[in-house]
Every structure is written in C-alpha cells, then in structure tokens.
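These notes concern the structure reproduced below.
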Amino acid sequence: MIDKKKRTVFKVGAITANFIADSIAAHSRKTNIGAHDIFLGQVRSDLIEDKFVMAIEYSAYQEMAEQKFYEIREAAFAKYNLVCLHIYHSLGIVKVGEICLFVFVSSTHRKDAFDACQEIVEQVKLQVPIWGKEIFEDESSVWKENK
Amino acid sequence: MIDKKKRTVFKVGAITANFIADSIAAHSRKTNIGAHDIFLGQVRSDLIEDKFVMAIEYSAYQEMAEQKFYEIREAAFAKYNLVCLHIYHSLGIVKVGEICLFVFVSSTHRKDAFDACQEIVEQVKLQVPIWGKEIFEDESSVWKENK
Amino acid sequence: MKINIIVFGQLYDMTKVAQFTINEVDNTEQLTQKIMERFPLLSEFKFSMAVNKKIVHGNTILNNEDIVALLPAFSGG
Amino acid sequence: MKINIIVFGQLYDMTKVAQFTINEVDNTEQLTQKIMERFPLLSEFKFSMAVNKKIVHGNTILNNEDIVALLPAFSGG
C-alpha cells in the first residue's frame, strides 16, 4: 500500500480547504492507516515597520525544488514507517489567511506521522529553494526571512 | 483573538472530510495564525485472531469526558502560545477508513501547534473516559485496547 | 445513604445494567465489596472509580447521592 | 567554455536579469569574481550557489554549459 509516486508539489495560488478535504477523503480506502498528521502553513498578517502584510508572492527554482521535495520524501519513507506522504506548496500570490503549505503524513500508528510531519516541515523550510516576498497594502514589498 | 469557548466535543458517527474543510476555512479570518497542526485518527482494519475489524463503536461517560476535554484545552492554552484549539471525537459507529478523532491546533509559530497537538492527542487517549468496541465482519466484537 | 453506580465499557457486559444503587456504605472500599458481592464477574477486571466525575485513588469517603462510575481502561481516539 | 547563470529572489532585484552567461571561467571562485564585476550590488548579499541543482561548498570546478544558480536564503513555507 506504500504510495511514493513522484508528483508535482507546486500549486499556483492558495491551497484550498476543498483540496485538503478531497485529499483526506481519498485516504479512506487505505485501511492500514490509523493516524494522519496534517501541517498547514497560513499567511499571517505580520506588522513590519508599521505596514501590514496583505499577501506573500512565492517563487522557486522549480527543477531543484522538485528534486529536493523528492529527496525529503525518500528520506522520510526510509526513516519512518509511513503509509502515505503528500507535500504541496504554493507558487505566486497567496493572500493573508490562505494556506501556502500542506504536508499530509499518514501512518499505521500515530508516532510515525507526528515525528515525520514535523521533520518534513523543517526540511522544506531549510532545504527547498523557495522564496516568499511579503506584499503590503501600499504594494511595497520585502523579502521574507525564515526563522 | 483567543478562542476558548466551551463546546461539545462529541459528534455522532464519523467526522467527515467536509466538516474538517469547513473548520479549516473558518480560520482564514484569524490573520495572526501562521501554522495549523491537525491530527486525525482513522479506524484501521486490524486483523485480530483471524478476523478483520469493520468498525469501532464508541461510548463515553459524557459528562466526565466533556470536563476532561475542557481541562485538556485549558492546560494546552496555559502551556503553549495558541490561537485556536478544537477537539472532536466520535460517538457510536465509525467504519473502517472513517475519521473518529479530529484535533485542530492553530498558533502564530509552528512549534506551538506541533508540540501542543501531540500532547493533546496523548492526553485524550490517556485521560478521557471513552471506550471503543471493535466490531468484526461476523458482528462479533472485542473491546479495544489503547497502546 | 444511597450511592448511584454507573457502569461503562466491558464492565457493562458483566453487569448487564448501566446503573444501580447501593445503600449503607461509607466509603469506596465498602462500596467495592458490596459491588463484588452483587456482580462477582467484575472481580476479574481492572477498573478505576470516579466519584462525581473525579478519579479517586485509595479509599475515599462517600456522601449520600454521590455518583460513582466504574471505568475500565480508556480506549478513545 | 560557457556558464549559464540563473538568479532568484532578492538577487534578481539587483541584477534585473533572471539569467545571463559568463565565459572563460574554470571554477566557481573565478565565476563569482566575474559576476561581482558585472553586478557589484550582489556583493552586499549572502547567497549560496547550486551547480546543476546541487549546492556547492568551497571552490568547485565548472564545465561547459553548466547551470549555476545564485540562491539567497530560502523562505518557503
């Protein structure tokens, strides 16, 4: 039942709640799954030098990023006992309150899903060549820095 | 923006993907959220003494369980920097592949959501008076044991 | 002095009643003894006791109209 | 000997071109020097380099038609 096909990770624009629901529903056929851990990154309305962030515009070095996502998947399947793993990241404009990152980890027992999900999110932020530009109300912008 | 109203945790039957999607969408207005961690418990088709589990029937000491859920919520808000926290658990029959537990934790930064979600799931299993009866194809059953 | 007992999970499979009352007991030790006399099958099970929704450890004083729940190991989630 | 350079994130704000070529360099140190001559503003930024999609550390030999990416600190997620 292990599902580790290579697939495109990037979605243009926000990741919708309906897309997430469809992903969850698609896993009901995998009856060896006992636990899902889902991480969602949501664009925050940070205040930076008196201006509120209204959106983030994501760009990426796509060929290298897809390769990195693939390596992160392979490492997670090698290290944890997982049934499924899906990663989606936005490209282009994602508005405040919308979802830009969706990591979906499924396992038989909960510990694998929890540990893998947390590690994958850290690796995505650390290793994948993606850049966010925070856009303010007045259309000025600043490049996002990850902490 | 802290949302810690007392509310009913129990849902009769499975927790649907649409219900989860609506919960996610409802959080787009909370623009200080940067991270959601969602745990979903799914009923597994375990093989027990040559028979496959087809469903779990959940029962609870509801008044005490609601009190325990409330205490778990309060402890999580006291310990972690959370924006929102929602817990839902099924009562009655939940079939294999369906969702029986939905823990939804939202925070400004990801570490709080991850740490709180994992702790809450453990506390729910440990502290809340809920019992699952695993039902087989032939309608025989066995009481579930948590590990 | 009347104590209300409620029964959950596999314990109910033994008692076949979801609730019953026990009279003239002062504490949980005496209560346990009377429960076992009435439902000998329960002695085969490990369970905890909640008095008015709070788990109690060790022998605990009971008051009239207390609600005592017999709780087998939890298996939610 | 022709090296293809691609530029991402805030570095692009400095170069105003997404890609360009540099000729007659044998390694990433020589390449960096030539890039800085052409785009002096880049010297103000910390960035890493990927040669054919692999991050390189230290001076690295280059081959004809290699693709070198200039990568500012990642900020995905």
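Order as written gives the chain letters A, B, C and D; numbering starts at 1 within each chain.
The criterion applied here is as follows: a contact is a pair of C-beta atoms (placed from the backbone, for glycine too) under 8 Å apart; a residue touches a chain by one contact, two chains touch by 3 or more.
Everything quoted here is computed from the prediction, not taken from an experiment.
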Identity of the chain that, by mean CA position, is farthest from chain B: D
Between chain D and chain C, distance of the C-alpha-averaged centres to the nearest whole Å: 74
Inter-centroid spacing, chain C versus chain B (mean Cα positions, whole Å): 27
For chain A paired with chain C, centre-to-centre distance based on mean C-alpha positions, whole Å: 49
Sites on chain C at which at least two other chains make contact: none
Shared interface positions of chain B, touching two or more other chains: 41, 121
Interchain contacts, given as pairs of chains that touch: A-B, A-D, B-C
Residue ranges of chain C touching chain B (in the complex, touch as defined): 6, 8-10, 50, 53, 69, 71-77
Residue ranges of chain B in contact with chain C within the complex: 41, 58-61, 63-64, 67, 89, 100-101, 121, 124-133, 143-146
Residues of chain B defined as touching chain A within the complex: 17-18, 20-22, 24-25, 27-45, 96-99, 106, 108-110, 113-114, 117-118, 121, 147
